[in-house]
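Take a look at the following structure, please.
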Amino acid sequence: MTNLAVKLPGLSLKNPVMPASGCFGFGREYSKFYDLGKLGAVIIKAATGSELFGNPTPRVAETPSGMLNAIGLQNPGVEKIIEHELPFLSQCEIPVIANVAGSIIDEYEMVAKAFNQTDMVNALELNISCPNVKQGGMQFGTDPKMAAMVTERVKRVSNLPVYVKLSPNVTDIKKMAKAVEAAGADGISMINTLTGMQIDLKSRKPLLANQTGGLSGPAIKPVAIRMIDEVKQHVSIPIIGMGGISSAEDVLEFLLAGADAVAVGTANFQNPLICPEIIEELPGVLHRFGFDSVADAVGKGGSHAHV
Amino acid sequence: MTNLAVKLPGLSLKNPVMPASGCFGFGREYSKFYDLGKLGAVIIKAATGSELFGNPTPRVAETPSGMLNAIGLQNPGVEKIIEHELPFLSQCEIPVIANVAGSIIDEYEMVAKAFNQTDMVNALELNISCPNVKQGGMQFGTDPKMAAMVTERVKRVSNLPVYVKLSPNVTDIKKMAKAVEAAGADGISMINTLTGMQIDLKSRKPLLANQTGGLSGPAIKPVAIRMIDEVKQHVSIPIIGMGGISSAEDVLEFLLAGADAVAVGTANFQNPLICPEIIEELPGVLHRFGFDSVADAVGKGGSHAHV
Amino acid sequence: MIKKEMVRVESSSLVARDTVKMVLENEYISRLAVPGQFLHVEAAGHTLRRPISIADADREIGTVTIIFRVTGSGTKQLASCQPGMTLTVLGPNGNGFPFMQAGSRVLLIGGGIGVPPLYYLGRSLAVKPCTVKAILGFQSAADVFYEKEFREFAGTVIVTNDGSFGEKGLVTDVIEQAGSFDYYYTCGPTPMLQAVTRKLKRKPGFVSMEEYMGCGVGACFACAIPARDGGYKKICKDGPVFPAEEVRL
Amino acid sequence: MIKKEMVRVESSSLVARDTVKMVLENEYISRLAVPGQFLHVEAAGHTLRRPISIADADREIGTVTIIFRVTGSGTKQLASCQPGMTLTVLGPNGNGFPFMQAGSRVLLIGGGIGVPPLYYLGRSLAVKPCTVKAILGFQSAADVFYEKEFREFAGTVIVTNDGSFGEKGLVTDVIEQAGSFDYYYTCGPTPMLQAVTRKLKRKPGFVSMEEYMGCGVGACFACAIPARDGGYKKICKDGPVFPAEEVRL
């Protein structure tokens, strides 16, 4: 039997596959397609201190092998999420990772505190890398000092393990990773979206009302793999890898690069059953390439494995 | 008649379309497919001070809507290029842009000087952004001070207009652009490739012998458009845009974003006739979207056109 | 309930310029489909699915019909699908048009590719029976489709922007001609919806809306639009049909 | 001269496990193709073309044959092309095997998907006439193809790694059986080429090489490999066939 289980700070995953934040809402919609209990975990949509209505539409655009989004962190606010959304997920008996966002550090703290007080969340994912909001987000995600500061402050108010989600829109991803590790992060999530733009030829305007958006999907997979490989060599905390995953083979590629678990985002839109399908195929794929377990494969194929 | 002509420092282009550096060699091979005289210009493969043999193979890998390459700047060296390659291009009566690379500033200077002494080159493109060589390249392309220094030094020894080719692997592309403009650059080329990696599941190693490579092709187009839009708002020198162009519609999107001319790279591999095909279709596409000339469209659709 | 279903293309034909009618075999969807709902259709080689309204459904033989205009690369790819090929769709998605009680007089106002869902709706209302009238607007004669089909159950006025077929003008120019009615249902481009709802603001009506979509099932917030009450609505899940007074156009 | 040509798939059939033989109609390429050259074949939906050797050509009826193994998504896509469909190829690319004078005795040594170009070569040499012998290596019985075809013009020995067909072992294990010859031609996986050229280092021979390609026409330096003389060779343009002593394997 191929062992799919993964142990990460605060998380006992029966398999390494979870839907990525923002691509799965709070789970309700996809629970109509399959039993969420099959998932390794769920990462929920970003929560902010109070309700956010997000950007004007259009908020998504299609690109070659990918898409742009500029949702703008729309969410009901942390209190309503705890009240109306988490109880549903709790029934599913899978670990829940709450994605935390804010425009100032106090807001991150406040949201983290709120999640910390429930027993319905197993870990936090700090979204310091959302390119689609005017304030916060990105600026924390591109400056190592700011990133470290948010991490530290959130760690201080929270007993939950903290995974910091890194932005790929930086010159030196290692620096970001090392800064958040030093600040106490329990793990790293990577990558968030690359900032991109599409211009509509007819209207002669950026297609997205927000003008720029985050590029996700298979198009960015090589960037994700490269960055995970790079970061893996410089930190010792675990990595949740994401960026363009749409098959069990992709999952293995992320594990080889150094991811300890993975998240699937954009691919849910094309195939709502993608997560359980990948989970079902993963043992066969691991076996085909000579691995007995997920743990076996982690980090076995990155550049550090050979240099 | 739709006017396709573009005037840029040192370059009178009859149309805005040229093959991108490294994707067209020195023109010979593609001259067997069509008359190079149809092109707006040609950007030749990077030249270094002496012959470079490049990286071990495999040097290319396919990715979703794109490819990775790690050629490693293989080229015969500037002297041999001037002697054996440029005379052929001179016959074609199109502007030639020489891509200049090096591992130290002296080498850039030396190569620029050599090209400057011929009358077969119309402009230089400084490749400060090649991710595939251990020294130089990237390090100049990610630090605004270094980029400015190379630009300044090359400008000092060369009468030819200098286009600086920017790397997208940076946190703040504006800063890079402003730094090279201040240092005297006559124009900007953007974007070079995004650094990426692909891992071969069977061998459990990065597929490229060089481990990482540069991501190009349609996958990166949204990043290119976003960066051009961003830079356009902060510099007043012209931009040669590139990154994933494979149709006349794509060319128009780049013009709208703020590019004054464009280069086509990866698409040549799929369709060796892509450049003349695009040139032929461009008037129709411009017309369909309400433009009488290329100049008319430049910068008409970026975010700055509306904010 | 939305499912991911395989459908077999039974037939595909051009009903107007760049406008394709495709009949898809799928028992489950044909059985559940309600007028106003849509399918989220796979376009091979594309990251995102395309939302296309259900233009008709036949439970007996287990088919649903879609009618779409080839506007970009996804619908072009779809249009190239030959009979016999299979594709996956998510569906039926969203909430359809609410039916009013038998005996009501309803007016359908459709523009361009907003016409298809009104066909299934009108046909269904007519058998209740309701009295159905239709105003259908198109760019020009080459774009007109389903006139005959609508006439089978509804007094139908066709308008074209250039007057090359039917009346010349916009749908709002001929609303008076339709006489009195109790409810209206409208679907079409946003400017048309704005004009219609403004003109008919004292009448109860329902609008079917469009927005760029990610998931199509309510999970990604791509299609969220402000609601009149200050909250928001997801077009894919709460809509695409809304009471005219509930949304800001 | 290499051109970009449309080809029509005339037939497509499985000749061994995961191994597809495809006959392509194109007058120009059939007329110019020389054994050892390759086509750079479009795989729909893929950025890069796939290099596939010309396995045969028929000038009379204007066809070229390719034989390829389905290894990844590009060849899978190619394998799905039905007769009647068209694709574009660049070709004929590269330099083929040089022919030796009539009367020579030649040995062909092929491994797996390195076998196809040797078929066209052997058939062409046999009519010069040359005396042709062939050693063909495969993984196992299910992978063997073209045995009968080779026997039509060459004394042929088949070896399989697992002995499930012909002799058990590697091609180098049976070279002695082939008796004496003047030249050898070999194509197959790199380890095989290394073993063969080492074993036959005193014999004049020609190897056909593989490398990941970008442009396929000599412009991008993707396929450049070091040459023995200290320079380099582009496999796509200077090769894929090289005199054995010229390249470092």
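First chain written, first letter: the chains are A, B, C and D, and each begins at residue 1.
The rule we apply is simple: a residue touches a chain if its C-beta (ideal position, glycine included) is under 8 Å from a C-beta of that chain, and two chains touch if they have at least 3 such contacts.
Please read all numbers here as calculations on a predicted model, not as lab measurements.
J.: Return the chains common to the contact lists of chain C and chain D.
T.: Intersection of chain C and chain D contact lists gives nothing.
J.: Compute the centre of every chain as the mean of its C-alpha atoms, then state which one is farthest from the centre of chain A.
T.: D
J.: Please tell me the distance, in whole Å, between the geometric centres of chain A and chain C computed from their C-alpha atoms.
T.: 36
J.: Please compute the C-alpha centroid of chain B, do the same for chain C, then give the distance between them in whole Å.
T.: Taking the mean C-alpha position of each chain, the two centres sit 46 Å apart.
J.: Can you give the whole-Å distance between the Cα centres of chain A and chain B?
T.: Between these chains, centre-to-centre, one finds 33 Å.
J.: Which parts of chain C, given as residue numbers and ranges, touch two or more other chains?
T.: none
J.: For chain A, what residues touch not just one other chain but two or more?
T.: Counting only residues that touch two or more other chains, chain A contributes 63, 65-66, 217-218.
J.: With touch defined as at the start, can you tell me which chain A residues reach chain C in the complex?
T.: 22-25, 28-30, 32-33, 45, 53-54, 57-63, 65-67, 69, 71, 74-75, 217-218, 266, 268-273
J.: Given the complex with chain B, which residues does chain D contribute to the contact?
T.: For chain D paired with chain B, touching residues are 1-4, 42, 46-49, 74, 88, 90, 211-226, 232, 237.
J.: Across the complex, what residues on chain A touch chain B?
T.: Result: residues 63-66, 68, 142, 169-172, 194-202, 204-206, 211-212, 215, 217-223, 225-226, 229, 244, 249, 252-253, 256-257, 289, 300-303, 305-307 of chain A touch chain B.
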